[in-house]
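Okay, got some structures for you below.
What follows is a pair of complexes built around chain A, which joins chain B in one and chain C in the other.
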Partner chain A sequence: MSKEMISKKSKSPNLYPRKTKVQVTIIFALVLAMYVYSINFTAGQTNGGFANSLSNMGEVIKKFFPPNWSILPAIWEPMATTIQMAVIATTVAALLTIPLALLSAHNITTIKPLYYITRISLNILRTIPDLVLAVIFVGLFGVGVFPGILALIIFSLGILAKLFGETVEAVDMDPLEAMRASGANIFQVIYYGLVPQVLPQFTSFVLYVFEINIRASVVLGLVGAGGIGLTLDRELNFYNYPNAMMVIILIFVVVIIIEFISTKIREALI
Partner chain B sequence: MIEFKNVGLVYPNGTEGLKNVNVKINDGEFVVIVGLSGAGKSTFIRSINRLVTPTSGELLVDGENILEHKGKNLRILRTKIGMIFQNYNLVRRSNVLKNVLAGRLGHVGTFRSILNLYPKEDVALAYENLKRVNIADKLYNRADELSGGQQQRVSIARVLTQQPKYILADEPVASLDPPTSHQVMTYLRKINKTDKITTIVNLHFIDMAMEYADRIIGMRAGEVVFDGPVSEVTDETFEEIYGRTIREDDLRGGASDQ
Partner chain C sequence: MDKNILPPKPKKSLYKKIKYTLITLAVIGIYVWTFLGIDINWGRAIERVINNFGNIIPKLFSPDWAASGEVASMMMETIFIAFAGTLMASILAVPLGFIAAKNVTNRFVGTLGKWVLSANRSFPELILAILFIVAVGPNAFAGVLAIAIHSTGMLGKLYAEVIESIDMDIIEAMESSGANKIQILFFGVIPQVIPEFLSYAIYRFEIDIRASSVLGIVGAGGIGTMIIFASMNRNWNEMGLILLAIIIVVTIIDMISSRIRRKLV
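Up next, the complex of A and B:
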């Protein structure tokens, strides 16, 4: 049919059904109304409205500058402690992940109850936020590095086992079958058939979790779990803003450097 | 010797993979199993090394009923039965030598193999076998750098390195082009004759079955419907096995270039 034959009056269908259009419009209107309401409400709660809090913010920020460079030598040590915490926690978690991930992969663990138990325990583990873990362990073991490391181990275990377990489930099972057929036992099948397939991803995940752990260990320090976070918390409590600023700058630089290196390595791996 | 005695296999979903199979395969034979896809060829072959487990009857390998085997006994059984697969089943990220050495896993202890401490003679054997299938120059190439035909030759070298008494090949040429298919079948045939390894091959190409087999077993719907030397086989035999007239795609074509 040529274009001329379609008269202007002939009905063309809508791109979406009318009902969908109405629904989407209502949802958007509701979301917009929520925003407007919460802006008004927040402004009402803030002393003197937004304008005042903005100028107040300016005042506080001014107090942070200039940072106190002279404390740099003194904060290297807690910074190093934070990195050490992340290294230890990531290493232990990486080792513990291997059996857990294999047990939570249905293609390797053919014993159903074992698979479900591991799955469920790992899911429960993942629901606990790292801060809560740190608060619990600080309560149990007192302020210091040890509870921080424990919190990080459990926190990273949840992430790693999930990521790694799913990688294991996605491998090509054919070579594993070939090894099983040649009389290899389960350890040999895993080591020869599975490990070469998942090693690059595994290394990449461990590095990624290491990045997360550096940042997390700073936050954990705030609740008393050792490292640079503890120093930052102390300086803030003493209203020693120039010192706190220096700590923040150091954390910023270290995190960026570590993330840069780790990202480069991960790019090379995959 | 492999002997099927009234072997039946019902899969958990109710499908009958094998129905009352009675077959005796003598040492040194080159047997080709033919049949349409779904006829039970794979189930037949995989029963012998217990990748699947028949649900009734007896399956004797060297006089032992293997249907009861589990754990260590099963692994010992599997070390004397090598297997070749349609998709080569190599570890794609590992190099050729390491893939071939994997054939020794059943013979080498867990610790030795995990630490890569293979006996010198095992490594020498792997290298010899790579030479036999004419691919020794790819020793350190990763398996995924090789063509399909080359990968299948590596998997033949792996099976040889296992030093099995039997070789099972499950559609070894289904993913290859005609010249490469003939090359692979020629290697299998040569190994059967020189090493006296009993070889059982699944094929659905009639012309290849006729060219390489000593004996043909025809299967349809889980049952053995023909069993005899290749000299007794005619076009009518295949029409009976397939339950229809022979078509162009039942033939691989491209006569052997070896």
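Up next, the complex of A and C:
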């Protein structure tokens, strides 16, 4: 009896078919090979490779500490500029996104070509990183806050229009139809039927994009597009590491506070 | 008579009224502060754009094909940076995710772990890249480390959420039939979380491709190096080609990745 059971156990069917096992093994090997190659390729450029870099790290971190607290009042102003850039960019993007989102929602835009053109151009727009946009706008408008704001607007427009467009597509059309049937005009339908359905999500997305913009705008200055990144770039170029550390700490604290507030509001909204 | 057809509007409570007033005031305050504080030199910006528009925009749309070899090799480097960084992060994030999951450790450790991971995420990649450049020199490896550390934060948090949402009944059933901890981990937990872990890691790869394409701006390798040189030399034809390369590569990777992710979950 017991012998029979043991032999049965050893012949238990495989959980996964052979084909899946082979497939997974091949994929795993490919990923691993690509990883080893990438690491070798990138670490090959360092002096003395990985081990040396790590031991270097300790030395470098010492250089950054202690941060120079006395420059805090001086760097507060560029930090404020950074937040202001994000506020303006988010506001403008939020306003511009409404028509774009409606155009990229298939239940509102019944003209198919228009819908596809908006969709595709928004998709292309989203692939361009914010800093690349900033580099181009700095070339166009010169160094300053304005190219930074413009880059943030274009960048957040892509994200916001996609998110909001999807919300509009998920709207329940029945109340709108009912309102139309009982004689509401188009503005009443939009105001009483559509807006209440999408407003919480819309606000939440705008806050989310604001978070992204804050994080993006702190580095825009590295390419000359205004804000605290400019200060950081200058301190680093002068090898003034304690000052640079102070800038980094300030960025860190501000980003965390804004993210915390925004997350709390978004949780309350939805 | 006509007025009485509609039911009376519900009255708002005093608490809500105060809340809405305060929110409105805060928003107005932020805007006043913003518009008083920001200083845009419109005259100069308009003057510059009139002078530069003809020089830049047409050139962006006529890419300099002669540079395509260099752009392709730099784009490959960008992909390598993103790949190595993401894979490092997706492995590092597994133990961190387990620590930050409330049902694996306890409530306190879980919350603390998530806080640490969120804090980690708040460091922009470029700033991490700057720190790593100082440590390992201006090369692609600094980029890999920056991507890895930044992604670990986000992936760890997502992993923790996945682990928290697993079906605990299976674990209990295994426990009651006498499985030990390691067996529970391998046959109870891991099969449940693997598809979502993979899906998040692949999604993160999409994001990291975008991130690593700008790392070169601070000197951490990849196509960003070419971006910064092209803008310094005002070589907008080359910039056009770089932009085209980024758009194509990101689009292709997004498409592949979303197809794989749809299959996984």
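The definition used in the following text is that the second predicted complex is superposed on the first by the 239 of 270 C-alpha atoms of A that agree within 3 Å, B and C clash if a C-alpha of one lies under 4 Å from a C-alpha of the other, contacts with A are read in each partner's own complex, and residues count from 1 in each chain.
Just so it is clear, a residue touches a chain if its C-beta (ideal position, glycine included) is under 8 Å from a C-beta of that chain, and two chains touch if they have at least 3 such contacts.
Since we're looking at a predicted model, the values are computed, not measured.
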Partner chain in contact with A:Y116 - chain B first, chain C second, else both or neither: neither
Partner chain in contact with A:F28 - chain B first, chain C second, else both or neither: neither
Which superposed partner A:I128 touches (first chain B, second chain C, both, neither): second
Which superposed partner A:Y16 touches (first chain B, second chain C, both, neither): neither
Which of chain B and chain C A:Y192 touches, first, second, both or neither: first
Partner chain in contact with A:V60 - chain B first, chain C second, else both or neither: second
Per-residue contact with chain A, leading partner among chain C and chain B: C
Which of chain B and chain C A:V138 touches, first, second, both or neither: second
Touching residues on chain A, where the partner in the complex is chain B: 172, 174-175, 177-185, 187-188, 191-193, 196-197, 199
Chain C to chain A touching residues, read off their complex: 30-31, 33-35, 37-42, 44-45, 48-49, 52-53, 56-57, 60, 77, 80-81, 83-84, 87, 118-119, 122-124, 126-127, 130-131, 134-137, 139-141, 143-144, 210-211, 213-214, 217-218, 221, 224, 227-228, 231, 234, 236, 239, 242-243, 246-247, 250-251, 254
Touching residues on chain A, where the partner in the complex is chain C: 31, 34-35, 37-39, 41-43, 45-47, 50, 53, 56-57, 60-61, 63-64, 80-81, 83-85, 87-88, 91, 123-124, 127-132, 135-136, 138-142, 144-147, 149, 215-216, 218-219, 222-223, 232, 236, 241, 244, 248, 251-252, 255-256, 259
Residue ranges of chain B in contact with chain A within the complex: 49, 51, 75-83, 85, 87-94, 98, 102-103, 105-107, 110, 113-114, 155, 158-159, 162
